[in-house]
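The following blocks contain the structures, represented as C-alpha cells.
Look for subunit A in each of the two complexes below; its partner is subunit B in the first and subunit C in the second.
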Partner chain A sequence: MIAVELHQLLRSRRTWVTILMIDSLPTLVAVLLGVTEVGPRPGTGPAFLSAVLTDGTLFPLAAIAIVLPLFMPIAVSIVAGESIAGEAQQGTLRYLLVRPVARTRLLVAKLVSVMVFVLLTLAVVAATAYVTGTLLLGDAPVAATTTVSGTTLTQQELILRTLLALAYAMLSMFGVASIALCLSTFVDAPLGAALGTLAVLVASTLLLTLDAADSIAPYLLTRYWLAFVDLFRDPILWRDVVRGALLQVVYVAVFLGIAWANFATKDVKD
Partner chain B sequence: MTPMGRWSIVVAGIAALLAAPFALRALPVDDAGTDAAALLTQVQEAEDHPYSGYVESQGTLQLPVTDGFTDVGALLGEETRMRVWWRGEDRWRVDKLLTTGEVDLVHDDRGTTRWRYAQDDVQRSPDPDIRLPRTADLLPPSVARMLLDDVDAEDVERIEARRVAGIDAPGLRLSPASEQSSIEHVDLWADPDSGVPLRVAVVGKGARTVAFTSEFREFSAATPSAGSVAFRAPPGAEVSFDDVLDIADAANQYAPLVPPASLAGLAKGPQADGAVGVYGAGMTRLLAVPLRDQDAGPLREQLARTPGVREVRRGTVVALGPLGVMLTGGEGDGGWLLAGTVTGDTLVTAARDVTTGTLVRR
Partner chain C sequence: MIRTHGLTKRYGGILAVDDVDLDVREGDVYGFLGANGSGKTTTVRMLLGLVLATSGTAEVLGEAMPRHAGRVLPEVGALVESPGAYPRLSGRANLRVHDALGRGRRSGRAGRVDDVLDRVGLGGVDERPVASYSLGMRQRLGLAHALLGHPRLLVLDEPTNGLDPQGIHEIRDLLLELHAGGTTIFLSSHLLAEIEQLATRVGVLDRGRLVIEDDLATLTRPTGRTYLRTRDVDRARALLDGQVEHVGEDHLLVRVDDVAELNALLVRDGVRVTELAPERRTLEDVVLAATVAGSDRIERG
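This part shows the complex of A and B:
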C-alpha cells in the first residue's frame, strides 16, 4: 500500500512542479543576493540570510527559513488535503476500498506519502541552496563556520547540525500534514481540506503576535517552527527544539486519531 | 471495534493530552515556611552566588527613546530571551537570543565584550559606573540586587511559594518605604537552597498588572565552567574597541557639569562622580543625564507624542507604568533627562533642583 502511494507520488508531474516552485524562491533570493550583494539589515529578514554573504555554506539553512513559514505549509496542506478528499472527489475512494485494504493502513500510507513529499522537497531545497550558496554567495573559509554564539563549527559539525535542522523542519510539517489529512477525511473537496488547514496556520501565526494569547502560545502549531536556529547556538539550546518536536507529536496524535476514528467509521459513497 | 468505541478512545486520548499540562501545574507547591526576614537575608547573602540558566523577561514600558539610547526601549518594553552563565561579578556571559542570531555580552576583569552575530562584529569596552541598562541587568538576580539595596526586614512580607524553573520557590513581597517611589511592590521568588532570585515582578503604584517580570525558565545553582564564559573573536569578525559605551557614559565623561548632591531630597550615589547623577537607592531611584540639544531635540519630539505626557514649567514629564521620565528645557535647548522609579511630583522637584543647582566645571 505504501509502495503504491509512493509510486504515485513520484510519478506525478504535479509533485515535481510543486517542488520546483518551492525551490525557485530561495534560488531567486540567492541570485539576487549574489548579484546585488545587498543583504537584509542586521536583525531583519529570515534567519542566517545576513550571514550568507560571507559564508555561502549557510544558505541551505537560510533557504529552510525562507520556505518553512509559508511555502512549505501551503504545499503540505494541498498535498495532504487531497490525499483522501481527492480520491473521493475523483470517485476512486470507493473502488480503492473495495479491494481488501484496511482503512487505517490506507490512512498511514497517505501520511507516509505526504511526509516523503516533505522530505523530497527539503532535500531538493537544501541541495539547490548549497550549490547556489557556494557558487553565488560568500566563500568564507570552509574549515570553520561561525555559530550564532560566535564560536566556530567544523565542516562535519556544520553538516550534522544542518541535517538535524532538516529533520526538525520535516517534523514541523508533520503537524500540518496530519491536520490536512484529518480534514481530508471529513470533506469531499480537497480544496476545503487545504483551506481549513491554512486557516489553522493563519490563526496560529496571528495569535502568536498577540500578547493576550501568551498563555496558549506554547500550544500553537507554528510556535516552535523556527527553533531550528537554536541548533546553531553554542552550546545547542535544546529547550524549544524539544518542545517543538513534542508539540508536533501531540498534533499528529490528536489529528491522526480523529482522522482514524472518522475514516474507519465513515460511510464511503464516492 | 464499534464507531462508538473508536471515538471514545480518541476523545479520551485527547482529553488526557490536553489535561496533562494543567495537571502538572496543579501539583501543590512546597513551601519550606522560611520567614520573611530569614528569606531576605538568604537572598541578600546570595548576591555573589554563581548560577546559569535560561531567562525570559517581559517589559510593558513603552519608552519614548531615540536611536541614541541603544536598545533600552526594547529591553523594558518587549520580551527578551537570554542564556546566562554567571561565575561571579567579574566573570559572566549573557546571550540575548534572537530569531536571527544573538547579541552576547561576555564580561571579564578587562571589561565587556559584545558579540553581534547579524553584524558579525565584536566590540570591547570598559565597564563604566554610569551606563544605560543592558541585557545583563534584566536577569532576576541583577534586578533583585538593584531593588534590594536599601530594603530591610520591615519592608518585606512572605507571599505564596511558586514553581519557577521546576523549583518550588518561596516568595517575598518588597514594599518601598519611601513615598517618593512609583513602585507599589516587587514580588520575588528565590531558590530555597542557594537563595538566588528566580523570578522578579514589579508592579507600579495604582496598577493592577505587572509592569516588568524576569524569570528563570531553566536554572542551575552550580558554578558554570570557565569555558562557558570565555570568548574569542571568530575569524573574519570586525573587532573594535570603544571607550565610550553609550549616551549616558559619554555625558558622564565629557559634559562639563556637576549635578547637585541631592535632587528632591534623594542623595547622590557614590558611583556618580561625573556629569551624570544617580540618586536614591533600591526602589526609589533616579538618574539625571545632561543631554546636548541634538540629543534632547529628538527625544523631546518623541516625548510629545507619548500618551499621558504633561508640559510643566521646567519641561515635559510622563509616567510609563512605574517609570517616570522628564526632560527639562524647551525646543532648541539641551536639557536634563530625569528618569527613574519615582513619582511625577518627585520628578518635577528634581527638575527644579537640577536646573538651579548644577555647577559648570571649568
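This part shows the complex of A and C:
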C-alpha cells in the first residue's frame, strides 16, 4: 500500500506544481534581495534575511523560515486533509478496504505519503535556496559561516545544523499533518478537513499575539515553529527547540490516536 | 458461502437491518431483492466489513467477518453501489493500482489487467482518464475491478446500473459464464426481471427484515390452479361449478386435478377456449405480496 501510495504521489502533476509554487516565493525573495541589495534591518523581517546579504549559504534556512509559517501548512493541510476524505469522495475508499487493505495500514500509508511530500518540498526549497543564495547573494566566507550570534561555523557544522533544522521543520509539519489526517477521517469532504486544519493554525497564530493568552501560549501548535533559528546561535539554544519538538510529538500522538480510533471502527458508507 | 445470524444494524434510532439470517450456498446465483432503502446496501457493506454490525454475526467463505477480512476478502470480488476509480488515471492504470494492492505478483500484472478488461468488453480501451468515461464504461470498469484475482465469490450491487439493453445482456452472459465456471454470485438489485433471469435463489428484504428466502423455482412453481381464458365466461362458470376459484372479465381460475380432462369437457360442451395454462406466480407477484413500497415513496399524512 505504501509503495502504491508513493507512486501515486510522485506521479501526480499536482504534487510537483504545488512544490514549484511553494518554491517560487523564496526564489523571488532571493532575486529581489540580490538585485536591490536592500535587506531588512537586523532584528526585523523573517529570520536570517538580514544575514544572507553577506552570506548566501544561510539562505536555505531563510527560505525555510519564509515558507514554514504559511505556505507549507496550507499545502500539508490540503494533502493530508484529502487522504481519507478524498478517497471517500471519489468512491475509492470502499474498494481499497475490500481489496483488502487493512484500515490501520491505509492510515499509515497515507501518513507516510504526506511526510514524503513534506520532505520533498523542504528538500527542493533548501536546494533551490542554496543555489540561488550562492549565486545571487553574498558569498563572503568560504571556509566559515557566521552564526546569528556572530561567531563562525565550519562547513561541517553548518551542514549538520541545517539538517537538524530541516528535521525540526519536518516535525512541525508532522503536527499539522496529524490534525488534517484526523479531521479527514471524520468529514466527507476533503476541503472540510483542510480548512478545519487551517482554522486551528490561524487560531493558534492569533492567540500567540494576544497577551491575555500567555498562559496557554506554550501549548499552542505554532508556538515554537520558528525555534530552529536557535540552532544557529552559538552555543545552540536548545530550550525552545526541545520544547517545540516535545509539543509536536504530543500533538502527533493525540491526533493520530484519535484518527486511528475513529477510522478503525468507522462505518464506511460513502 | 455467506451465512449471517441475527445480523442487525442500527443507525441512531433507525433500524436499517433487522435480525437477518442469510444463507447463500456455494454455486448459487443469489438474487438479493428489496425496495430502495430496504437495507440491501447496508447488508452488503456488513458482509464486506465496511459497516460494522450492531449485533449478530456474519460468515463469509466459512470465516467470521469482519475479523478475518484479511483472509476472506482476497477471494471476494465486489461492486458496491457505484464503481469507484481515480478520475485522473486511465481505466488500465486504475486496475494496475488495485492489482498492486492485491496478492498478485508484479510479473503477471499487465496480463491480468488485460484479461479482466477483455471480459467486461473494455479490451480496446485507450489511456483516456476515467473522468471522461461514460456511465456504462465506468460500470464495466467497476466489474473489471471485481473480477481481478479470480474471486470465488462475487458480491455485486446493481451491476447493470447505467448500461444500455445491449450492455445488460452482455453482462448477464458474463455472469452466467462465471457462474458456470464455479463462481458463486451474490447479486443485489431492485430489478425483478434481472434477478428472475439470473438467480437460482432469492432473498427479499423488506424494511430491514428478510421476508423471503427460497429457491427461485420453488417461489415461481405452479400454484395448482389452472388459468382459463374464454369468450364464454358464464357458460364455463356454470359448467365448472364448485371448481372455480376466481372469475375475471375474460378468464377463470379453476382448481382441477387433470387439465386434459378439463380441456375435453370444455370442448365437448362448446366453450370457446382461447388459452388454457397452469397458473404461475411471477417473481413480481411474490415480492409485491411480501413487501411494501420503498422508502423513496413518501405519502402525505
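Following the convention adopted for this analysis, the second predicted complex is superposed on the first by the 270 of 270 C-alpha atoms of A that agree within 3 Å, B and C clash if a C-alpha of one lies under 4 Å from a C-alpha of the other, contacts with A are read in each partner's own complex, and residues count from 1 in each chain.
The rule we apply is simple: contacts are C-beta pairs under 8 Å (C-beta built on N, C-alpha and C of every residue); 3 or more make two chains touch, one makes a residue touch a chain.
Note that the coordinates shown come from a computational prediction; the quantities given were computed from them, not determined experimentally.
K.L.:
In the superposed model on subunit A, is it clash or fit for subunit B and subunit C?
P.N.:
Subunit B and subunit C fit side by side in the superposed model.
K.L.:
For A:A102, select first, second, both or neither according to whether it touches subunit B, subunit C, the two together, or no partner.
P.N.:
In the superposition, A:A102 contacts subunit C only.
K.L.:
On subunit A, which partner touches more residues: subunit B or subunit C?
P.N.:
B
K.L.:
Have a look at where A:T152 lands relative to subunit B and subunit C in the superposition and call it first, second, both or neither.
P.N.:
first
K.L.:
Let me test your reading of the model: by the given contact rule, A:Q90 touches which partner, first (subunit B), second (subunit C), both or neither?
P.N.:
second
K.L.:
If you stack the two complexes on chain A, which partner ends up touching A:A3: first (subunit B), second (subunit C), both, or neither?
P.N.:
It touches subunit C, and subunit B stays clear.
K.L.:
What angle, rounded to a multiple of 10°, is defined by the Cα centres of subunit B, subunit A and subunit C, with the middle one as vertex?
P.N.:
140
K.L.:
Of the partners subunit B and subunit C, which touch A:A261 in the superposed model: first, second, both, neither?
P.N.:
After superposition on chain A, A:A261 lies in contact with subunit B alone.
K.L.:
Could you look at A:V250 and tell me whether it touches subunit B, subunit C, both or neither (first, second, both, neither)?
P.N.:
first
K.L.:
Could you tell me how near the closest CA atoms of subunit B and subunit C get once both structures are overlaid on the shared chain, in Å?
P.N.:
10
K.L.:
Subunit A residues touched by both subunit B and subunit C?
P.N.:
After superposing on chain A, subunit A residues 265 contact both subunit B and subunit C.
K.L.:
Which of the residues in subunit B come into contact with subunit A in the complex?
P.N.:
Against subunit A, subunit B makes touches at 3, 6-7, 9-10, 13-14, 17, 21, 54, 83, 95, 97-102, 104, 115-120, 122, 217-218, 231, 233-237.
K.L.:
Mind pulling up the subunit C residues that touch subunit A in the complex?
P.N.:
Its residues touching subunit A are 45, 48-52, 69-70, 73-74, 76, 78, 80-88, 97-98, 100-102, 145.
K.L.:
Looking at the complex, which residues from subunit A come into contact with subunit C?
P.N.:
So the residues of subunit A in touch with subunit C come to 1, 3-4, 8, 12, 90-102, 265, 267-269.
K.L.:
What residues of subunit A sit close enough to touch subunit B in their complex?
P.N.:
42-51, 54, 140-141, 144, 146, 148-152, 219, 226, 229-230, 233, 237, 239, 250, 253-254, 257-258, 260-261, 264-265
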